[in-house]
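Reading through the structure tokens given below for one structure.
Labels A, B, C and D are assigned to the chains in the order they are written; within every chain, residues are numbered from 1.
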Amino acid sequence: MTLTLDIDKPSEKKPAIVQTIFLAAGLALLVLAPLFFYPVFLMKLLCFALFACAFNLLLGYTGLLSFGHAAFFGGAAYFTAHAVKEWGLPPELGILVGVMGAAFLGAIIGFLAIRRQGIYFAMITLALAQMFYFFCLQAEFTKGEDGIQSVPRGHLFGFIDLSQSTNMYYFVLGVFIIGVAIIWRIIHSPFGMILKSIRENETRAVSLGYSVRNYKLAAFVMSAALTGLAGGVKALVFQFATLTDVSWQMSGEVILMTLLGGIGTLIGPLFGAGLVVTLQNYLATSEFPVTIITGLVFMVCVLLFRRGIVGEFYNSRLGRKLGFEHRH
Amino acid sequence: MTAALKEQNGAPRVVLSARGLRRDFGGFTAVNNVNLDVHDARVHALIGPNGAGKTTVFNLLTKFLQPTGGTITLLGEDITRMAPDKVARMGLVRSFQISAVFPHMSVLDNVRVALQRPNGLATQFWKPMSALDGLTAKADHLIRSVGLDKERNAVAADLSYGRKRVLEIATTLALEPKVLLLDEPMAGMGHEDVGMVAEIIREVALKRAVLMVEHNLSVVSTLCHHVTVLQRGEILAEGDYAEVSADPRVRTAYMGTEEV
Amino acid sequence: MTKKLLTAFAMMLAGSTAALADASDGKVKIGILNDQSGVYADFGGKSSYEAALMAVEDFGGKVLGVPVEVITADHQNKADIASNIARQWYDTEQVDSIMELTSSSVGLAVQALSKEKKKITINTGAATTELTGKQCSPYGFHWAYDTHALAVGTGGALVKQGGDSWFFLTADYAFGYSLEENTGNYVKENGGTVVGSVRHPLATTDFSSFLLQAQSSGAKVIGLANAGLDTSNAIKQAAEFGIVQGGQRLAALLFTLAEVHGLGLEAAQGLTLTEGFYWNRNEETAKFGKRFMERTGKMPNMVHAGTYSAVLSYLKAIEKAGSDDGDAVAKELRALPVNDVFAENGKVAENGRMIHDMYLLEVKKPDESKEPWDYFKVLATIPGSEAFIDPAKSGCDLVKS
Amino acid sequence: MIFGIPLQAFLGQLLIGLINGSFYALLSLGLAIIFGLLRVINFAHGAQYMLGAFFAWMLLSYFGIGYWPALIVAPLAVGLVGAVIERTMLRRLYTLDPLYGLLFTFGLALTIEGTFRYLYGASGQPYATPAALAGGTNLGFMFLPIYRGWVIAFSLVVCIGTWLVIEKTKLGSYLRAATENPILVQSFGINVPFLLTLTYALGAALAALAGVLAAPIYQVSPLMGSNIIIVVFAVVVVGGMGSIMGAIVTGYLLGVAEGLTKVFYPEASNIVIFVIMAIVLLIRPAGLFGRDV
């Protein structure tokens, strides 16, 4: 699979200080952001950023293009919303339900989809996710077109009131950081190394005795579970779960975020998500329909800068100087 | 058959065998009725003109392709319907005609990918990369034994073609296979590499079976105990190098292409 | 807070009592939030914003001496976008009330949010009776129509005209079920029967198989318990299969002038439907329709006229209350009668439901239509008290029984 | 009676399934041709189908050009648009992973649909059945609108015609050869880049033809393409990309399967094709007509 553009984590021997500074500055920015920006907007951004990062675990680091990730995102939103609203679970357990549900869904869809490769894989995930969409449309617990509404945010660990938007923001930020840390750990683990080897040369990995299917399925389920984390949190932020989050347009959106930010870069999807979410927010109050812009950005990205924003930066002169140069 | 039985009682036993192997692509039969016995501690060469079906036979034996007919036995077990990765785990490991390395990984990591498989590290997604440190010594040993120590930290894609082939052999050996299938291991190599790789293969074959496709007939003549000649998907001749090269049909098949 | 107090103090000194009453931020801001690019874009769409502007102009552009501002946004028929915009409007744009809110999921989501924020919503675009039922809000109002009114209008009236056996084509989700159930009950109450129903998935393009079942059921009326594109497609294909010529009658349970225009009279003729407004009903409505037409290029349906009425009533309530505070305005909205181009003697019930007359309409044949947009014959007027659920039985806990 | 359904209703539903199958067949045929040669999954196929219908509508309402000329002009116009897109943009992606083609055409589909939605709204435009095909005929078991009968007949002719062109003519043999081995064909002196453009244009034109056929049946709406494309993807997965004939046959078969589901269990009619896809994947991952690669 050559979809990933050989962009990788910044090389390890180059100045780690620069990266530490960047990381610290980024964290500080996120901690202070609610002072300058509208918290709900920031929370939405973080949810989508985590979604895109989880998606990128599959596309960027395993080389699998899933066109059905909305099923996990929206599915988890439904599961969490239902668990919190109908069963009265506290938020942390509600999110856990969402994550487990998404992982389970990922296991089923993944099991079927990994039987084919490349384009077929993409089409099958798309079709299966669409099937899940129709399921959600008709299932009782999703409340059809209305969605599950007025989901209480509840109290985290029983005492932190999440209806306060500041509390909620730092909770979302915490989940985001944990999620990204998990992804980072997976990528930089012995398992991650095998994923990478599958991406680089699947046949060789098979000939070395790796049951490539199982690895792909494992990566698929992990990506689905982390996507579920993002979806579950989103349901609490907006206090509802709707069909929007399981529609195929949502699957397209997360691909766009990842592509725009930089496939196979850890923080690229964060930038991609930021841009897309901002764009949507801005265009919602303008005359121009958002789909045209989305479509055009897609085309331009694919034709002109497949590395994405962060990938292009890593590859630029400044990026190289700072030690972010990609390997080949 | 009797010969094979006798050998099984004596020193070199048959570890990999194919009976009546056949593969069709649409209406075209690429491999037809191939019987093959690969012996332990022997180097077995598979030669033949281009398009004779050598690589197809390799793909069939390693299960990357499903045979249309026939059976394959590995270490006494029928593997005709087995998945390729399972076959590899049983100890049948192959290299590829076009060098198969993980291009954006370092030489060290290429070898470590192979080394982690038998000890279960590969599934540990929660451990840091330093969990692999225990494998480094063994990896370095392998790298040194194939003469890649200078390139240890280089990225595989940066290696010359010949060096990539060497690296591929190193990763293959890292799995300590029982049967080694090498698809043109010497193709595109410089002279000194050819000598070194031949030496590695000779040493490796002391303890395991090697089946190789090779065009370099001088290598075949010095290295291989047994030669099978393939033409248009069928076996043309079999025997040791002297017998085979004396066969007039083989001479005809090779005439104009290579000096026998 | 201190700043607000200081401003209030300064204004008090200036002796401007009106301004004092509306001290919040020096203007009244109304948000028109609806679907301008999704499947309901033609239902209300951008024209609803235009209707709101007309109301503000007719009111004089100012209330309590401060300017009235109208802003609008497209929620693309997605409840999450709608909710996000609404939050942002309240939190950062000092919006005082949000109106239109097409589609039930959007309506419920924004009404729930507004309840939390103590802000007024007046819904003219969504159908669900939940808005003034179990999920009612002291700050939420439902203005133009609802599923019950549609059911009573189309269902009840048709039975009286002899359409006493029904077969339903129902969109397979909550909105469709509630339309089917409401209408079915009403048909039975009036002595009719429901011979069968078939549920079709949302956004079905091909209705032929369902229509075939409806055709062979022999029912006199085929009720279309769906909306938007689904209804248009079903009607179009019914014409193809000769259903109306075969003597069966089509009843679209949620269909408006805008969609009849999209479908064309050829396909839509003979269709029965219910709306809360028809521009060619009397002189006043025709005048309003033509003004609207000049600004938007199309005639208003009940959503547009309803939005006009809602904005007007909202401003009147502010004036009466002397403040734009949510509680005060909600109280006045419930107290004031509604008399304008949309509603005659309309009245807002305790549960937030604006009760007014509805009209049973039939789509004209192409040769009966005398001018562009002359599409309907008014078959009957349904009194508000019949059209809408008795507030005491609505399930809304705001109603003291 | 069959499974508790009167025979007449059963036959009627079978016929209706065949009509839907006609659209699936035409669309998956175009998709298969484009994929065969370009290795691109044309996500914009639904948008091109919609364009066909819209062009027919525009021809009628702006120029007064009716159905019959539109049946030729609209596919030609969409084919031309396709050719331009292939020449200027899609071409740059051939050397890359096929997934980029999918992503590019996905963006293209969004752009085209967004534009038409912006210009014409989402609710759809009416397009009358051509006078010559108006009305219907009573077949005894059902009232068959003549136009629907025409759709079945015409699409069958187009499908078989396309299949014949590809299997039996010289152009078709180049096409098949180029699919197998582009370099070989180039060395024979055939202009492969031109062949690629032609193929994409042909695929797009087939989609547009389906669109024109659909215009009198469904509302001409910017959303009509995105609704059908995912189902067609599933059809293609079920059929496998191996053969042109496979695409056609699977299209009709699944149309009928969907039609029958609408009788027995209408709630599942949206899902049935996906369920069939999942089952086929379990039993025959390469698809019903696909080659085991």
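Everything below uses one rule, namely that a contact is a pair of C-beta atoms (placed from the backbone, for glycine too) under 8 Å apart; a residue touches a chain by one contact, two chains touch by 3 or more.
As the structure is a computational prediction, the values presented were derived from the model and not from experiment.
Asks: Give the label of the chain whose average Cα location is farthest from that of chain C.
Replies: The most distant chain relative to chain C turns out to be B.
Asks: If you average the CA atoms of chain A and of chain B, how many Å lie between those two points?
Replies: About 42 Å separates the centre of chain A from that of chain B.
Asks: I'd like to verify one number: the distance from the centre of chain A to the centre of chain C, where each centre is the average of its C-alpha atoms, in whole angstrom.
Replies: The answer is 38 Å.
Asks: In whole angstrom, how far does the Cα centroid of chain B sit from the Cα centroid of chain D?
Replies: About 47 Å, centre to centre.
Asks: Can you list the residues of chain C that touch 2 or more other chains?
Replies: In chain C, the residues touching two or more other chains are 37, 172, 201.
Asks: Enumerate the residues of chain D that touch no fewer than two other chains.
Replies: Within chain D, residues 117-118, 267, 270 contact more than one other chain.
Asks: For this structure, enumerate the chain pairs that meet the touch criterion.
Replies: After working through each pair, the chains in contact turn out to be A-B, A-C, A-D, C-D.
Asks: Per the contact definition, I'd like the list of chain A residues that touch chain B in the complex.
Replies: 6, 8, 185-186, 188-194, 196-197, 200-201, 203-212, 215, 218, 222, 327-328
Asks: Per the contact definition, I'd like the list of chain A residues that touch chain C in the complex.
Replies: 38, 40-41, 44, 134, 137-138, 143-147, 149-150, 238-240, 242, 244-245, 280-281, 284-285, 289-291
Asks: Which part of chain D faces chain A closely enough to touch in the complex?
Replies: 35, 39, 41, 89, 92-93, 96-100, 102-104, 106-115, 117-118, 230, 233-234, 236-237, 267, 270-271, 274-275, 277-278, 281-282, 285
Asks: Using the touch definition from the top, list the residues of chain C that touch chain D in their complex.
Replies: For this pair, the touching residues of chain C are 37-43, 45, 172, 198-201, 203-206, 208-210, 212-213, 215-216, 228-229, 232-233, 236-237, 240-242, 246, 258-259, 262-264, 266-267.
Asks: Spell out the part of chain D that touches chain C in their complex, as residue ranges.
Replies: Residues 6, 8-9, 12-13, 16-17, 19-20, 117-118, 121-126, 128-129, 135-136, 142-143, 145, 147-148, 217-219, 221, 223-224, 227-228, 259, 262-263, 266-267, 269-270.
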